[in-house]
Structure formats: C-alpha cells, structure tokens
Amino acid sequence: MRDDTMTASAKAAALAAFKDMAREPGVPKPDPILVVDKVVRRFGGLTAVDVDHVEVQRGSITALIGPNGAGKTTFFNQLTGFDTADAGAWTFNGRAMNGVPAHRVARSGMVRTFQLTKALSRLTVMENMRLGAQHQVGESFWHALLPPLWRKQEDEITERAEELLARFKLDAKRDDFAGSLSGGQRKLLEMARALMVRPELVMLDEPMAGVNPALTQSLLGHVKDLRQQGMTVLFVEHDMDMVRDISDWVIVMAQGMVIAEGPPSTIMSDERVIDAYLGAHHDAPLSESELEAQLHEAEAALEAEIEEETQK
Amino acid sequence: MDWLTILSTTVHAAIGWETVVYGLAAIGVNIHFGYTGLLNFGQAAFMAVAGYGLAVTVVVFNLPFVVGVLVGLAAAALLALLMGIPTLQLRADYLAIVTIAAAEIIRLVFRSVYFKDIFGGSDGRRGFNGDFYAMNFLYDPGRYGIGPFGFDERTMWLLTVGWAVVLLCCLVVFLLMRSPWGRVLKAIREDEDAVRALGKNVFAYKMQSLMLGGIIGCFGGFFYGLYNGSVQPDVFGTEMTFFAYTIVILGGAARVFGPVVGAMIFWVLFVFVGNLLAELVANGYIPFMTNIQVGPVRYALVGLGFILLLVARPQGIFGDKREIAIDAR
Amino acid sequence: GGGSNTATQTSPSAPASSAAPATKGDGTLTLGTLLPQTGSLAFLGPPEFAGVDLALKEINEAGGVLGKPVAKIDTDSGDTTTNIASQSVDKLLAQKADAIIGAASSSVSESVIDKITGAGVVHFSPANTSDVFTTINDRGLYFRTSPPDKLQGRVLGDLIVADGNDTVAILAMQDSYGTGLADQVQKTVTDGGAEVVERVDYDPKAADFSADVAKVKAKNPKGIVLIGFEETSKVVQELVKQGLPADKHKWYMVDGNTSNTNYVKMPKGTLTGVKGTIPGAAAPEDFQKKLLEVNKDLEDFSYAPESYDAANLIALAAEAAKSDAGTDIATKLGEVSKGGEKCKSFKECVDLLKAGKDIDYDGVSGPVEFNDAGDPAVATIGIYQYGDDNKYPIKALEYRTGNIAG
Amino acid sequence: MTVPESQAAITDRSAHLEGAEDAVLRCDELIAGYLPGVNILNGSDLYVKEGELIGIIGPNGAGKSTLLKAIFGLVNIRSGTVLLKGENITNMKAHSLVSRGVGYVPQTNNVFPSLTIEENLEMGAFQVPGKFKERFEFVAELFPALKERRKQRAGSLSGGERQMVAMARALMTEPSVLLLDEPSAGLSPKLQDLVFIQAQQINKAGVTIIMVEQNARRCLQICHRGYVLDQGRNAYTGTGQQLANDPKVIELYLGTLAKA
Amino acid sequence: MNGAKIAVTTEGGQPVKEATTNAQGIWDVQVEQPGKYKVTLDVGSLPQNAEVRGGNNVRTPTVYEGNCSTVLFALQPKAAPGQAPQSDGGTTFWQQAAQLTFEGVNLGLIIALGALGLSLIYGTTGLTNFAHGELITLGAVIAYAFNVGFGIQLIPAAIIAVIVAGALGYGQDRLFWGQLRKRGTGTIAMMIISIGVAILLRNLLQFFFGPQTENFNDYVTQPGITVGPITAAPKNFWAIGIELTVLVIVGIALMKTRTGKAARAVADNPALAASSGINVDRVIRIIWTAGAAIAALAGVMLGLSQSLKFTMGQDILLLIFAGVTLGGLGTAFGALVGSLVVGVFIQVSTLWVPPELKSVGALAVLIIVLLFRPQGILGRRERIG
C-alpha cells in the first residue's frame, strides 16, 4: 500500500513548483516535460484543436478538462502521433516530436490510453498486460525462436502484470479474453496496460469514466504513487471529485483552445470555466430539498435559454 | 464397385503431395490471417514467384537447382516487400482486394505472350526437377508401401522432404506463436492502434509476418513444381488462395496444426467424393447421371461438404468456440 | 525425346524412367479418359468424351481387343486452376489403365505427363497443340492426334493471301493453341506479301472483348482472322457491333471455332462468306450424326474426331502388339498409323490385322501418321465456307493435304 | 469481485420483490450469460412500478449491463422470466420490445458511426417516423451541439458527443419504460447535470426508468429505489436515500471521494 | 493486272522461272523442290500509275511438299509526289479513345450493378460473398430459361428473372444465411462458407445449363450505329440507360428512404439497430432480395452484351470486388464510381498495353489509388481514439 507521507511529500513538491505560477493559459513551467506550440488540427470547417502554447510540468499530475467536443482527445491524438496536425510543433523531454510515428512516441516514454477503449479482444487479459512491457527480448523474430532467451524476462513481466491486475481488480479475469470484459473493466485494463509500459509521461483519456467510485478511489492512490515514482501524469476527466483530489494543475480547453490554467481549487471557481464546462451545479447537493431547489432553478434557466433561442 | 481404389486414392491424397503443397500454402495463410489478421488473398503469388523463380533460373538461365531455390526464396521475400510496403497500411478488407489484384497481375504477366520468352506463356516452364530427384539418397528405385497403398521412389523422396518441411514449419510456428513476438502479431490482429500505442512497430511486424508466411507458402510453390515437373501460370490463380483459406478455416484459424489437418480433410473430401461418385455412376447406381456429369456434381458435393463442415463447426477442427463468440467488431 | 523406341531414347538425366514398370498386359485393354468435365475448358469435354465413347462402341461391337471388350474409366481433367487432373491420374493408374486419353489443355497434360509415362502408360492427347510435347522427355509414350497447327496455319495463311487480303488482323485466344496457330498464320501471311497490321492475343476469360476489337478496327484490315474456341461468338458480336461485319471485311476461322451450332442464333447472313479451316478429309456431318447417337445433347464437335481416332489407334496398336500393356501399345502406334494398307474404321483395320497385314489407319481427323516424336506427320485440312444460315455446308471448298513438319 | 462479506446484508428474495404485484416490468431469477457454461446473471430479481425511477449500481463486471441486455432481449436468458405489464417477454426480440414501448441506451457502441447525427436520431424514431420533426426539435434544445452538427457523421464525434447522441436517440420516441446504461459517462459536469435532471423530468412525465450508473451518488439521489448488483445477484435493495447512506454500501460501492 | 513480270529464284539466287501475270493479275509457277524461294516483281513492268504497297517488291515464301504457296503483291495507285498516301480508313487515336471510354462505361456499369448488390449485402451483414458471381450467372440463366426455354421475349423474361432471383435471394437468407447468423457464425466463417456456396452453385449451374456458351434469342449480334466517334449497338445504349436508372434509384433509396437508412444502421451496429426498433432480420432480407435481384439484372445485362456461360459471374467477380473496394467499402455510390473507374481503365488502358494484359492496368490503378486514398475514393477515414 502507499505511504501516505511520502505521497504527500511528492504532492507538496509538485505544488511548490506551481505555487507562484501565473494562472494564465500557456504559462511557462519551471521543468516542463512536454512543450506544445501552436498545434492546429482542422476537420473540414471545424477547428478541433488550436492550442497556442502549453507546458506540462515534470513529475506532476495535470488534468486536462473541457466541455465535450473541446478537442481534448484530438489533442492527444496529435501529440502521440495517431493523427497528423495541420500545423504546430511540440517537444517531449526536449526532443521534437512532430511527425514521429505513434510507436516511436510511445517508446520515447509518452504513452496514452484511448477514451473509446481498445481491448485486444481475443487475447487474454494477462497477454494484454504483457504486451505493454517494453524492451522484450522475445519480441525480435530470431530470439523468439529460442525460448530460453526470453523466459526469464517473461516471468518478470508476468509478475509485474499480476501486481497491477490485482490493484485494478482484474486478477480474477486474468485468463479471460479481454473481449469479454465489461465496459468499466475495459477502461481498467486500458489503463493498467499503459502502465506496463513504464512511461515517463502517461496520458490517460477519461480513465475513470464508467469505473465504480469505490475502485476509482483506490486507483487514485495508485496514480499518486506513480507521481511518487517520478512519472508525469496528464489526464482528461469529467469527474470533478477526482480532478480535485489528485491533480496538481488543471488545464482547461474549450473549442480547441486552452482557455485557462491553474490549480484545481482556483480553476473550479473560475467564472469562464463554470460557464463553459462545470455548470452551476457541479458541487452536487446531497439532500433531497436542495436537489429540488436546484432542479427548479435549472429548469428555469433552461427555459430561459430556450426562450432566448426561439426569440433569435 | 472398386472400393479398394476409392480407399487407396483417398489415403494417398491424405498424405500425398497435394496435402503438402496446400498445407504449406495454408500454414502461410494461417500466419498472415490466423495470427496477424492480414487478409492476404495473394498467397498464390508467393507460390508462383517461387515456382517460377526456380523454373526460370534452371531452365532459362541454366543455373543449378540450388540457385533456383535461392532465387525462388529471394523472389518471395522481394514480393513480400513490394506488396507489403504499399498495402500493409490498408484496412484488412482493402488489403484483401489489393493482394488479390497483385496476385492476378503477377499471374497475367507470367501468362502473357509478351513475356513468353522468359516465362513460357500459358504453358509455363518445365524440366527443372531432375536435380531434385537426383539428390534422392534414401530410396532406391521401386515401390514403397503396403499392398495398394504405396508410392514410387520419386514420390517417396518428394513426400519425405515435403513432410519434413511441413513439420519444420509447424515447429517454427509453434515456437513463434508462443513467444512475445507471436503475441505482438496476435495483438495486431485485434487492434493495430492499441499496439502502436504500446510502442510496437506495427508495420515491421506485419512485414515480418507477410514475409514469413510468404516464404512458407513459397515452399508450397516449389513442391508443386517439383512434383508436377512443371509450373503453369493458371495453377497460381485465386482459386489456390481461396482453397488455402478454406483449409485454414476448416482446420481452425490460429492453430498450429490446423492447416495441416485442414489440408488433409480438404483433399480427402475431394478425392473420396469424386471417386465414390465416379464409381457409383460407372456401375450404374445413379442411372440418371452420365459420366460427363460426374465432374460438376462432384464439385457441387464438395462445395456442399465445406458448407456442412463449417456450419457444424464454424471454428474449424481445432478452433475454440469461445474465440468465435467474442465479437471482433 | 519421345519416339516409338522406348528404352534407347530415354535421357540419362531421368534415371527413374527406366524403372517404369513394364506392365505385363492383364488381357483387358483399359482406356482411361482424362478430359474436362469442369473448369474453363469444360465445353470441350462432351464432344471429346463422345468421340471416345463412339470409338469404344464400334470397337466392342467389332469384338473388342484381344478378344475382350475394351474397358473405359472416365475422369475429370478440370483445368489448371485446380489440381484435379493429378487426382484423376492417380485413380486411373490405381485402376490399371493401359492408356490414357487426355488432356484437352496442353498445360494440364504437361502437369501429368511425368506421372503417366512414369507408370508405363500411354499418354494420348486428342487436343494438345503445344510444341513442348515434341521435345519432351516422354519415355516414348506420348502421342497426339491433335489438329496440326502448323499445317492449318499455313493453309489458312495461304488462303488469306490468295483471297487478296493485303492487310490482315489476327484476333487470337491467348493460350498455346491460339498463339501457336496465330504465329503460324502470321508468318505465312507475312511471307506471302500481306501485312499483319494488328495482332491481338486476348484473354478468353476476359469480361469483354470490345477493346480488343477496337484495336482491330483502328487498322481497318481487309481480312480478320479469328482464332479461338466458342468465345468467338462474343468476338463476332463485337465485330458486328463496331462496324466490322463479314460483308465488309473477310473473316477467317479455325477448327476451334468453325461451328455449326455456335452462331445459328445470329441474324441471317452474319457469317455469309466466312471461311474456316478444319482438319480432316471427310465432311464431318456423317460423323457428327453418329456422335449425336452417343450423346444427343452435343452442341459442339471440337476434338471429337481426334478423340475418336485416339481410341481407335490405341485399340489397333494393342491388337497389333498382341498385348494391352502401355509400353507395348506405344511401340505399335506408329506402325498402325502409317505404311500399309489403308483402312478407315476399327473393324476394317482389325480385320486386316487379323489377316496379318500391315495397316495404315486413316482417321476422321486426318490421315494420322505418327512421326518419331509421336506427333502426327501428315494431315488434311478442309476449307469450308459459311452460308446465309450461319452454317457451313458438308462439302468443303477444297482439301489440302500436306506434311505437317516444315 | 469481492463478495460482500456480510452475507446477512443480502435480503432474501421476497424482499427484492416486495410490492412487485403491480409492477410494469418484473424479472424473476434471471440466469443469463454469453459463453456456454458461464453464467453472468445468477438469479437476479428486479421490478419497477409504473412511474418509478430505479437505479442499479455495483462494481465493474457485476452484470448490470448484462441485466439490461437480458431484459431487452440482447442476451439469451437461460432461465427465469421477464414480464412486461403482465406479458411474458423473456427472450423476445428487441425490436418487438420497442414497439411495446421499451427504450434502451446501451453503454458502449451506442451510435451508428456511419450515419449522420440526424439519421441516428431518425433511427431512434424508426417506428414512429411521423413524430421525428417534433421530437428532433425537443432533443435539439436539450443538446444544442447536436443541432449544429446534424450533418456530421456520428463516427467522427467525440466521446461525449456520442453519449449525447445516444441519449437523444432514446428520447426520440416516448417510451413507457426506459433502460439507461450509464447515460452520464463521458459527459461534462454540466451535461451530467442535464442528464440527471432530464431523467427526473421524463420520469415525472410518467416514464418508468431503470438506470445503471457509476455516478452512483447522483443516481441514488434522484431514484426512488435502488438495487446494488454484485456478481450477478442483488446484494442490496432499498430506497435511494437508504442505500446512499448505508455505510456498507458506501464502503464497498460508493467510496468516500465525493464526500471528502 | 496484266503483264507484270515476276521472277522466281531459289533462296540462294538461282533463277528458277519467270512468269507474267494474266488478265486477272494471277500467275503461277511450278517448282520441283520444297524450300524457300525468292519472288521478285519487276516494278518496271507495272502500269505507270501503280506501285507496290509498302514499296517492297521481293517476297520470300516457303513452299512445302505437296502444297502451293501464294504470294501477294498488293498494288495501290501511285501517290502524286508530295501528296500523303491515302488514309487507310481506320480510326484515329482519339476516335479509338472515345470508343474505348464508351466501352469502359458500358462495362463499368455492368460491374457496378454487380458491385452494388455485393456492396449492399456486405454493408448490412458484413458478409464478403464470394458466391455473388454465381448469383449473377443465375440471373442470366433464369432469363435464358424463360427466353429460350419458354420462348418469352427477352424483356419480359428479364423482368421475370429479376423477380425470381429476388425471391431466391430472399429464400437464401431466410433458409440459410439467416440461420447461420442466428447461430452466431462469424463473418470469416461465413466468407469461407460462401466459397463453398460458390462452388456448389457454379457446378449446379454447369450441370443444368451445360458447359457451353449460349446467347439469348433476342438482340443477338446487333449491328452498331455510329454516334459521333462511337459505334455501338442500340442495345448498349438501352442497357446503359437501364443500368444508370437502377443504380441511381437504389443509391437514392439507400440514402433517403427509411428502409435504406435502416439498412445502413444495421450495417453499422445490428444490436443497436434492434434496440432502435428496427427489425434487423427483415431489413437484411430486403437487402438480400434487392441484392440478388440487382445481381440478376447484372447477369442479364452481361449476357446481353456478351454471351452466357456458367463461369460468366465468376470471371467478372474480381472486377466487381475491385470496383467495390476502389469506391470505398459499403458505400453505394462508391460502388458505382469505383466500378466505372475499373471499367474505363480496363478498356482505355488497351491504348497502351496489350489487350491480354488489360486487367493488369485496371488492377494496378486500384493499387495506386488505394495508396493515396486507403479508404477508397468515396470512403471516409475512421476516427482514432
């Protein structure tokens, strides 16, 4: 289990780095692992991504939030080589990464997960995990023919995979085909598999959507451990409880652009962010009466909006 | 009714050269399609370039047999490169049609009057297998076998070498597919992007798979040429590839021995049905059919046989029902 | 290779051939057929089977061979896209066939000749035209009665020149039959002073022939030579469509497509004046009637005469050799085909043989005289001309007989 | 998944079905699964009364989606029965259920990728094409983004946008029973609010709703009754409030994150 | 041509004989030995205004034993100096190109009909139906049976054939493919089963129809009419009209009608389609009916423009696949565009490549186009992530 004090210290370190930073989009970070400049991606008439400048601090947990269709996933696609940007440049660890094919991006230590999960259906959960490991001797054709060359490494990988699976509550599914997992389990596998890569920067696209809250909570601990181990985490999430709980820094995107940056607490009270994204009621009330009140309020607001629309 | 002939020809087919040739083609297809998910419908082209590589080297350029084999292998590897570079980025179903197209192009070129001086036009090339049989150090001339079951020394030699190659290929497939290398292939079959995201060079693996399967298929081409003493362009048509696929599915995709057993079933079905039917007609048991109609009816029955086998066992002989049940979509 | 003398002619590079088991005759002459029932040449199957059947019927009516009725096993040769021929040969050999008649396609024959001749069985094709077989190592067991390309090509070429066609286009089916014949026609025509302005080798399986015809049209030739099989009816439609009808250009056909059934549905006069060459001295009508008694559904008669002659020759050779073993038959095939008293049917010939005479069988497909390579040496080519009803008459315009080699 | 350690907490069957007499939809001891020999549902019971909104929560892989699919005829039920307004609809085909007034939003693969947004919605109103215009205006107001993009192919939409299409598709008809599988997943907080509010509103308008949610607190807040599913069985039942405040449920299924 | 002098020598130049042509311009020389000879025409003995075509007045025929050998000196009026020789009445490059383009459209539309049926079935069921070629043949053969067997005029016979084929398509899905789907048979297994079906059907067709080539009773060998640079039979124009009409109607139906949209929905996601209230089986059956009927029409058109044979569908299947793929899998208009490209390329490429290799040109184009547009001409790229 995690060592609370240690995690806390890492968090403190991360927070310290962000302490006096300006809360404006594109603010430079003291030790950025990822620097993005003027990335643009258009689909026909639609500009899905138009990021002017953004940096991700090494060793931090950074959340990327924004309304649906803001371009978060598309942004990930550009950075990880799954799609070609129309313009722009970005560096990872100081190395220019535009035009680098997806597998090289992953090898250089920048690994992403997919929002719409990609389970390798007719491989077992364990094989899915093993595939994530890097530098496997047995993955070269000639070595593959001689099992003694890779047996030992395979055992190590398996061990590591088992640990992760246990954490992600997938150990019971170890030998089942990944195609037979439930929606939430696929999300879990997707994330666990990415962690097998041992990346420097892990980019998670809505890792917890559809994951049971109790499990989410325990997994957050794991993510914090990752930061402890020096990993940088950049994640997209719509669950504000989670964002608030683990992120050190939040970047907000809307309509393809970065509109705000800042620590979670500040961001969530930012007027524009509330407007574009959170809505008035993201701090969900717990009592029935409050809910009722809110309901009415929302209805009224909606109606007003509708009226406005129809009047236009 | 000549049951003995029906039986002996059936047994011969099960272990004969057809099973070797189609088995090898199918092992290659199994690597492409069964393991990697590459819908390569141009397997016949690999066999063709191998067969022709050997034939043209020996017959037209008068070089030794061994050189011919090397040229054939090189041709198959080169074909994999040429075919792979443009096509491996395509989605599975697009890849299928492009590989068929490539294979047809190759066949038509081999067949053309324009290149007749090299490839021999529609009659192909012959007269390159002497050296192969001269290498026979195992069998003296004569007949080997029990009673009606048996082969002459030439066939025995070819079958010995052929089956050795088949088993060797099975061993290689077995070793590879249990290794991390094979795991990457299987993962590519499921979702390329996921594999890319994990830092594997998908293109390189696909290319390796295409080459390996192509080269194994190319041995099928060699044995075809060596047994028949000739290569002709039309042998290597799409039919050959279709049959290889049928064999793979009959045996069970992504199973090491699937293609071999599939090939046996395929040919046993073919020969048994054909010869049984011919005997029935010849002996007047099916009065309404003439001897000329035996051919088409036999094929129709064989087609029906495939259908029934696959309806009964869509996963093939060795396949796993669970794997089929997982919706790949 | 090849020839009537087995032992001495085998080349040393094929040591196995000497081991060909010398089948001692089992008393019954067993004929195997390896002819197309399926595949792209399946349309050639029925007439060929009918030819053999007719011969067998007559042979057995005349008392059979060596006192016993001749047995027959039919198998499918398919085409080269499937390996059915090899299977069929296995079956024939397992059932102790002494001679195998087939295959229609040169390519298929090539793929099984080693197997057949290696087993000491006569391989006799009624339809192979490829040059390869002249020089192939066949242990002296390969024979053919197939239409003699060279002579036909020469006769046809000459005819074209004599008709005053100074510009000629050739549309030939792209296989060994079509290209072989086309080469010969082209050579003769060119030597004769006419110009071959276009030569199109087309793929008989092509979806459509308009482009091929358009190429011809571009050159506006006086004479158009159509070399092929039944797909010629598509080419004819295309010629008419594109404005190259037979009344404006002179068309020539060959034995593969000179037919009395393929074009009858076309409007009257479509083929008026078109000339075609068919090997064989006799008008085919009588023979065709007899064939129809064997198979009433026959629509095409290509290679039926050749198949018929093949069966007769084998039977006569067996009778002459007093053995039904393949190797024995092979030694006599040359003898019965030439040099001796001429005879035209099995019954006639076998009576002469029994009387101790040397015979010279003259068949329906021509005089059939085998040379050392097992190829026919002499042939007669009839030149026919279509009438208004898109049929050609029984009587040929003329017959030309000549040596094939040259 | 861990079995709830206090087996006592699992009320006996009769408790699940208490008051089920006049249920609109009722499942009895459903056993169902995908692969031969493996049961995912191991005797689940469930009922909904007319006009009720009930929530189903549970850990990942508990069988929640399977339960909905089983009701909707997309998974083969091996034993047990499903009754809709007294009619036995066990293993009935999905399209016949639609004509009986049942609507369903799947958890994954819930749009037609090669159809445009508009066409997706048209498919939603497949059995009542006449209503399309009117309902389209309605959902377009809920999700204005959809109206702007009506000609965009659903396959190119973002995850959240797809979710909107899926939800909107189900709203195109006015079903009497609506099965929702994680309708809020992947949506921005603002839209999540909207989904829950809409669910309540529709429910108020008389539609019976069964909702599977991982946003469990939110779900339990608005639903009348809730079921907790674990390992294909009902583990807990109760009103939304009861479950949301039950410490065992909190520990095992809800977590404490949102509270903190 | 009277009085022209001709000298015959042996190959070596040894004079053999000389001859003079008679009134018909014919001459005759008897030689003793077979072999190669040299025949020279004395140009000086020709009339003033004539010359030998091609200019060469020497021929070297080979004479074989027992046969005569003919030699031809074709004459043409002498061209006045500086005047170009007369055109030989052939077609120019552009005429040929126009004709070939027309032929390409003609062929492309037939391919497109086949492709449409294939694409419909592939689109809705995911089945790559290798037996589609046989459905095409079947349509043609049914029409033939009514036309030639029962003596019905071709147009009603074709209509009957299309209806019967549609019914058979319905039955096929009802009794066979639908049952397989119900059992959960995978698409790959189904594809291989379709190879079995193709073999079965093709050989049954051969059994009943016979192995030979046949023609319909009507519209055989229509003489062409010339329209601008193109010569074509009236039936070709009719066929093109009918094909285009059917293609456009079906394409629009697919885009606009409820069933058409439902078909596309089923293609995308059958389970969701069912959840939307679509009767998936019914939609698939409609598609099968339509697909088989359109295939039958393709068969009739193919038979009309060419001839009928039991392999006619099989022979064109590869082109159909090429058309479907080139256009972009699963899109109806893609099938049309792709097929037209394939058809036109096959024909037009013969301007440069030998006709025996004409398919090579079309297939090469397929590969090249897919290099640059991996999703086909009208296909769309899929979204990642």
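Just so it is clear, A, B, C, D and E label the chains in written order, and each chain counts residues from 1 on its own.
In this section, a residue touches a chain if its C-beta (ideal position, glycine included) is under 8 Å from a C-beta of that chain, and two chains touch if they have at least 3 such contacts.
Composition by chain, UniProt nomenclature: A, D = ABC transporter ATP-binding protein; B, E = Branched-chain amino acid ABC transporter permease.
Since we're looking at a predicted model, the values are computed, not measured.
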item	value
Both-way neighbours, i.e. chains that touch subunit C and touch subunit B	E
Separation of subunit E from subunit A in steps, with touching chains one step apart	1
Chain pair with the most C-beta contacts	C-E
Chain at the geometric heart of the assembly (C-alpha centres)	B
Between subunit D and subunit E, centroid-to-centroid distance (C-alpha), Å	55
Intercentroid distance (Cα basis), subunit D paired with subunit A, Å	27
Rounded Å distance, subunit C centre to subunit D centre (Cα mean)	76
Where subunit A and subunit B are represented by their mean Cα positions, the distance between them in whole Å	47
Shared interface positions of subunit A, touching two or more other chains	73-74, 82, 114-116, 180
Of all residues in subunit C, the ones touching two or more other chains	38, 42, 45-46, 174, 201, 203
Per-residue overlap in subunit B, given as positions that touch at least 2 other chains	108, 111-113, 193, 293, 295-296, 298-299, 322, 325, 328
Contacting chain pairs - touch in the sense defined above	A-B, A-D, A-E, B-C, B-D, B-E, C-E, D-E
Residues on subunit C engaged by subunit E in the complex (per definition of touch)	38, 40, 42-43, 45-46, 154-155, 158, 161-162, 164-167, 174, 191-195, 200-203, 205-212, 214-215, 217-220, 230-231, 233-234, 236-237, 240-243, 245, 262, 265-267, 270, 297, 299-300, 400-403, 406
Residues of subunit D defined as touching subunit B within the complex	34-36
Touching residues (chain side subunit E, partner subunit C) in the complex	34, 53-54, 59-62, 64-74, 88-93, 95-96, 99-100, 103, 106-107, 110-111, 203, 206, 210-213, 215, 217, 220-224, 226, 231-233, 236, 302, 305-307, 309-311, 315-316, 319, 346-347, 350, 354-356, 358-359
Of all residues in subunit C, those that touch subunit B in their complex	13-16, 19, 21, 36-38, 42, 45-46, 49, 73-76, 78-84, 86-88, 90-91, 94-95, 106-107, 110-114, 118, 130, 132, 136-137, 174-176, 179, 201, 203, 295
Complex interface listing, subunit A residues touching subunit D	43, 66-70, 72-74, 115-116, 169, 172-173, 180-185, 188, 206, 209-217, 220, 238-242, 245, 277-282, 284-286, 288, 291, 295, 298-299, 306, 309
